[in-house]
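Same chain, two partners: chain A is paired with chain B first, then with chain C.
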Partner chain A sequence: MQKSLHISADDCTGCYQCVLACSDEHGYDFNPMKSVIQVFKFEDEGRYVPYTCTQCDEAWCQKACPTDAISVDANGAKVVSEALCVGCKVCTIACPFGTINYNADSGKVIKCDLCGGDPACVKACPTSAITFVNSDTAQFDKMRAWAGKTDAGTQQSN
Partner chain B sequence: MAWTGKILRVDLTAGTCTSEPLNMQWAADYLGQRGLATKYLMSEIDPKVDPLSPENKMIMATGPLTGTSASTGGRYSVITKGELTGAIACSNSGGFFGNEMKNAGWDMIIFEGKSDKLVYLLIQDDKAELIDAAQYKGASCWDTEEGIKAKHGDAFIRVASIGGAGENGVKYACIINDMDRAAGRSGVGTVMGSKNLKAVAIRGTLGVKVKDRERFATAVAAGKQVLADNPVTGTGLPTYGTQVLMNVINESGALPTRNHKDIQFEDAHDISGEAMHEPRKSDGKPNLVSNAACFACTIACQRVSTIDRTHYTVKDRPEYHKASGGLEYEAAWSLGAACGVNDLDALTFANFLCNEHGIDPITFGATLAAAMELYEMGVINDENTGGVKLNFGSAEALTTMVEQTCKSQGFGVELGLGSKRLCEKYGKPELSMGVKGQEFPAYDGRGIQGIGLAYATSNRGACHLRGYTIASEILGIPVKTDPLETDGKAGLVKAFQDATAAFDSAGICIFSSFAWTLDDVAPQIDAACEGDWSADRLLELGERIWNMERQFNLAAGFTGADDNLPARLLKDAAKTGPAKGKVSGLETMLPEYYQLRGWSADGVPTPETLTKFGL
Partner chain C sequence: MKQADYVIIGAGPAAVAAAETLRRSDRDGTIAIISRENISPYSRMALPYFLTGQISQKGTYLRKSSEHYKQHNITLYHATVTHVDPQKKHLHLASGGRVSYGKLLIATGASPIKPPLPGLDLPGVHHCWTLDDAKAIAARAGDGANIVLMGAGFIGCIILEALMSRGAKLTVIEAEDRMVPRMMDDVAGNMLKSWCEHKGMTILTSTRVASVADAGGKLEVTLDSGDSDVVDLVVVATGVKANIDFASDMGLEIEEGIKVDHHMQTSLTDIYAAGDCAQGRDFFTGLWSVHAIQPTATEHGHIAALNMAGRKAAYKGSLNMNVLDTAGLISSSFGQWQGVEGGESAQSIDAERYRYTNLAFEGDRLIGALTIGRTDNIGILRGLIQSRTKLGVWKERLMKSPNRIAESYIANTQM
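Take a look at the complex of A and B:
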């Protein structure tokens, strides 16, 4: 079963626990600037939105890489090989979503690797705004919510 | 580890920024933030100094857990001699600014002297420089923050600034960071303004390290679970914010109303956390948009609110149609019940303006309440107020006067003095509801006896955050005590004060203490920092800090006679509610408190007490 990060921005409070867990898990201490999940704040609307790589099946970053430094691991994560990455940044240009970025400290690019199948951001989130779920059914909860609204009051009672 | 080990010293007179090592012996004795910065302040200034003179210093300080993943670990404090009080001032703020300071590699910034022109400090990791701020002169905190971010082309810069109120000498100016988080009380923003320092802007990219990463992760996860499982931190605060208290305190008969003339407000529900959830008539939307969290906080008590667009305050002012920091309990009380005002939108508007221009809503609302009483007594009249009818209950008076105070216009100039100076000016000092020059927050010492003692003995003037006995007396945390009883309150107040001083020195939020004891905090500090940290050591450190702050105030000229409450709380019995017929029993609690503290009968720490804490 392939699993995906499922982000429900409605539940996000903007606390950065995911951001801190990510940088810590990847050896960068507690450093929001070195986290590959970021929380964007739309203060005027009171909205907080976590955002990270969605692990495209046909990944622009992977196709653009001239050194084949990006491969797919057992969890479906697109993973950067530090040994092969030359820091050319072409993948950062190719990614339509901006979720792969250059890290000046290492001279390589960094992106979400799903932490080998046990994402630190998911464990750190206090409101379950970020979950790690079956990719095939990731949106079923949303379907269920809409099904409830669509059908509300239309069924005959039995 | 956890400490960065570095202090930035900014000499505003000379215009220089220098790095120096943190005194690690002091860090072992005073931990960080409130305790450690107070130690530095005491060793570097004469407590008798004029707060607004160049000889006063102002310290922005983080704690060892600031910038880590410890829940609520994003705090910083501003420590100085307060202009409102003349006492030690320590105002604590959340948001994201504290983390940024730590991530830039600094435990503290010490500001000294006075700049000859308005400047702001820009810190980018280990690089710090003072930059001309002429273009922000008179600008609001909101415009200053947005302006500095735009000027440097970096939305990730975190800014703490003063508004025009701080520049103009309003006695209770705040320092605002992240648009609506405040180092709010005692006039720390007034001190900042006196130094011609408009803002501190920080970008930090260095990371914060802890001693034992794995053990720290375990301790943090355990702490987060305790917060999640607790009904106050897990449910009450995220849902209603601190505003969960409005109806509770009103029913307890301890909601100061109309300048403490009453202790129950008939319209408390209209300005409560519950009311913030109710759909309004005009657009069917509630006042509350969402809750929000400060850095690393898993409680998320912050309110994000909007004002009804058809409300008279904003119908022609679209700049206030956006969502912004909403009412916390203390502000809802001071702007609402204290002034007898029940208009939730007017309160929200006044709160927005306090954040925008950087004034403390508690002292502002309490000062307006005192002015309303002066007005209704005929001591001041329409000539003083420029024709504004300052009657209790008038939303128009509130919203007009908050704007005049923020902008130092009209009668707002006098309201900017705070209630003590205002009431003295008009010959009615007894109408100022506060201690040591600082106004009470939102609990009445007649209806909740322990908090009266906590106010009287608070080192920064009347304050609920120096010993929040409400937790025990109303909420039953850690054990329920009878709010109307004086027995045992001396010990309760001391225990809360000492533990709070430790929490405030760690880099975490005092709201965590609804669920956490020092037994929950100690493992996190122990895993993060050098040395062996136990709950007992933290409690002893807290008591050391309390005695040190007391020494500062005694040296500044305060005496035991200042550990007092206004006559209204001591002589005028509560008229309604569970406390009907009661006055504060301060005179029975205070001697026992001094004794438990190891202080003389006139409130001075004995030589044995000072020796015990190495002071």
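Take a look at the complex of A and C:
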């Protein structure tokens, strides 16, 4: 069974432990700037919203990549090959979620890779705002609706 | 005579995306890609990184496994198509052979324009367009070489760093009044210019090359001002045009490119077009535009292939967008960044730190954007524009603080 990150913004307290754990897991010590999960803070609304790649089916990043550097791993994550990425950044403008980003230190792009099937952000979250659940129950409904709006084409059923 | 159910002319991203989609949609149909260059399909986008030595030739290939096309039962032919007969459904090849097709996709891309100036056929004058061009440039652009780059457009800017990194002394000549005039407004174009000057390049805007002449193995470049200089290499990057000469007498509707409907079909039955040679639907206007960018090429190829295989799919239209790394300064542009009549725009300018954001709105929807010096979450700009999201209260917040792009999206879609 494929698993996905499930984010429940209502349960997020804005502790940023997911962000620190993510950057550490990916070899950037504890540097929030290098984390591929972000927490957005909305002062007016008093809300925190964790935000990362949904591993969407459309995979704009993968389709736009000119060097075949993005592939799908056994966990269904779209992963970037550091060896093949040339750092052209086309994927960063193609992804309508803005969840694949350029990392100037490595000259490559970085994105959520689900940590090989054991996401560090999930382990670090003290309030279960981020969980790792079976894909058919994860329901990234809001992002999927967004994905549908941005899809390149509509396929007709006939 | 050779024949295939699906014949694709061209071997760039549109062609490869189409061939793969065809294979997924039709397991048994025969698929042939006809390539003018005798090399595995590669990406021109990757050439600057080949030029710096960061990647090998194989690093530019669109698919890395040498068995990829064979595994998917896609046949690659090396040939030049000279003529298409849409009645008999034949292609004529320069070698004298013919290929018959069931459905044809024209994905021949574009070629660089050579301005009509004396001396541009001399040895040492190159475009940076093919792998062979990149190899020729690499051979001349050694440490301390003097180089003139004609054109500070998208392609010119993207090879700047590659040329500088080889230790060359670079002079850039741009006819317009700013760098990247078709992707950047004057604030952004001049920010790029200032950046490049600080990196040690000479940037001459509102300047034209008058002629190039042989100077004993080197090249004497004379400007319209009368100034001249002797250099080792001239790189010509003054724009591209669709590769459609071979199709001019087929009876296709052609303007700047081959006109296609929202199924990517041309004006002729069983003939489709995709990528830089196609003039497809524009996302905003619904009119026909050539958007010669990688994401449009792969989208075109994908949609064309679905329709060729008999699955009706309609294209929503392409959104013009670019991301550019000019010697380390990263800029992006999306959609109608010039704004529209009756619309509003908001700017955030920090010239000292080379940061700029310009957002264009129509009502409370984002329709275009320019950025310099930021890379975080920039894809959201595409998402906001293409989904036509109504920003509500965030419109005014963005008017005050244009850099709150990601928040405006998340607040409108995730909360």
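Everything below uses one rule, namely that the second predicted complex is superposed on the first by the 138 of 158 C-alpha atoms of A that agree within 3 Å, B and C clash if a C-alpha of one lies under 4 Å from a C-alpha of the other, contacts with A are read in each partner's own complex, and residues count from 1 in each chain.
The rule we apply is simple: a contact is a pair of C-beta atoms (placed from the backbone, for glycine too) under 8 Å apart; a residue touches a chain by one contact, two chains touch by 3 or more.
All values reported here derive from a predicted model rather than from experimental measurement.
Of the two partner chains placed by superposition, only chain B is touched by A:126; chain C is not.
Applying the stated contact rule after C-alpha superposition, one finds that A:84 touches chain C and leaves chain B untouched. In the superposed model, A:98 lies in contact with chain C only, and not with chain B. Of the two partner chains, chain C is the only one that A:51 touches; chain B does not reach it. Of the two partner chains placed by the overlay, only chain C lies in contact with A:66; chain B stays clear of it.
In the superposition on chain A, contact of A:9 is made with chain C only, not with chain B. Note on chain A: of its two partners chain C and chain B, the one contacting more of its residues is C. Of the two partner chains, chain B is the only one that A:43 touches; chain C does not reach it. Of the residues of chain A, those at positions 45, 47 touch chain B in one of the two structures and chain C in the other. Put simply, chain A touches chain B in their complex at residues 13-17, 20-21, 23-24, 28-34, 43-48, 124, 126-127.
The residues of chain C lying in touch with chain A in their complex are 13, 17, 43, 45-46, 49, 54-55, 59-64, 294-295, 298-299, 302-303, 306, 311-316, 321-323, 325, 330, 332, 334, 375-383, 386-389, 406-407, 409-411, 413-415. Touching chain C in their complex are the following residues of chain A: 9, 38, 40, 42, 45, 47, 49, 51, 60, 63-64, 66-68, 84, 86-102, 104, 142-143, 145-146, 149-156, 158.
Residues 67-69, 71, 96, 99, 103, 156, 179, 205-210, 213, 217, 224, 228, 238, 289-298, 300, 304, 322-324 of chain B are the ones that touch chain A when the two sit in their complex.
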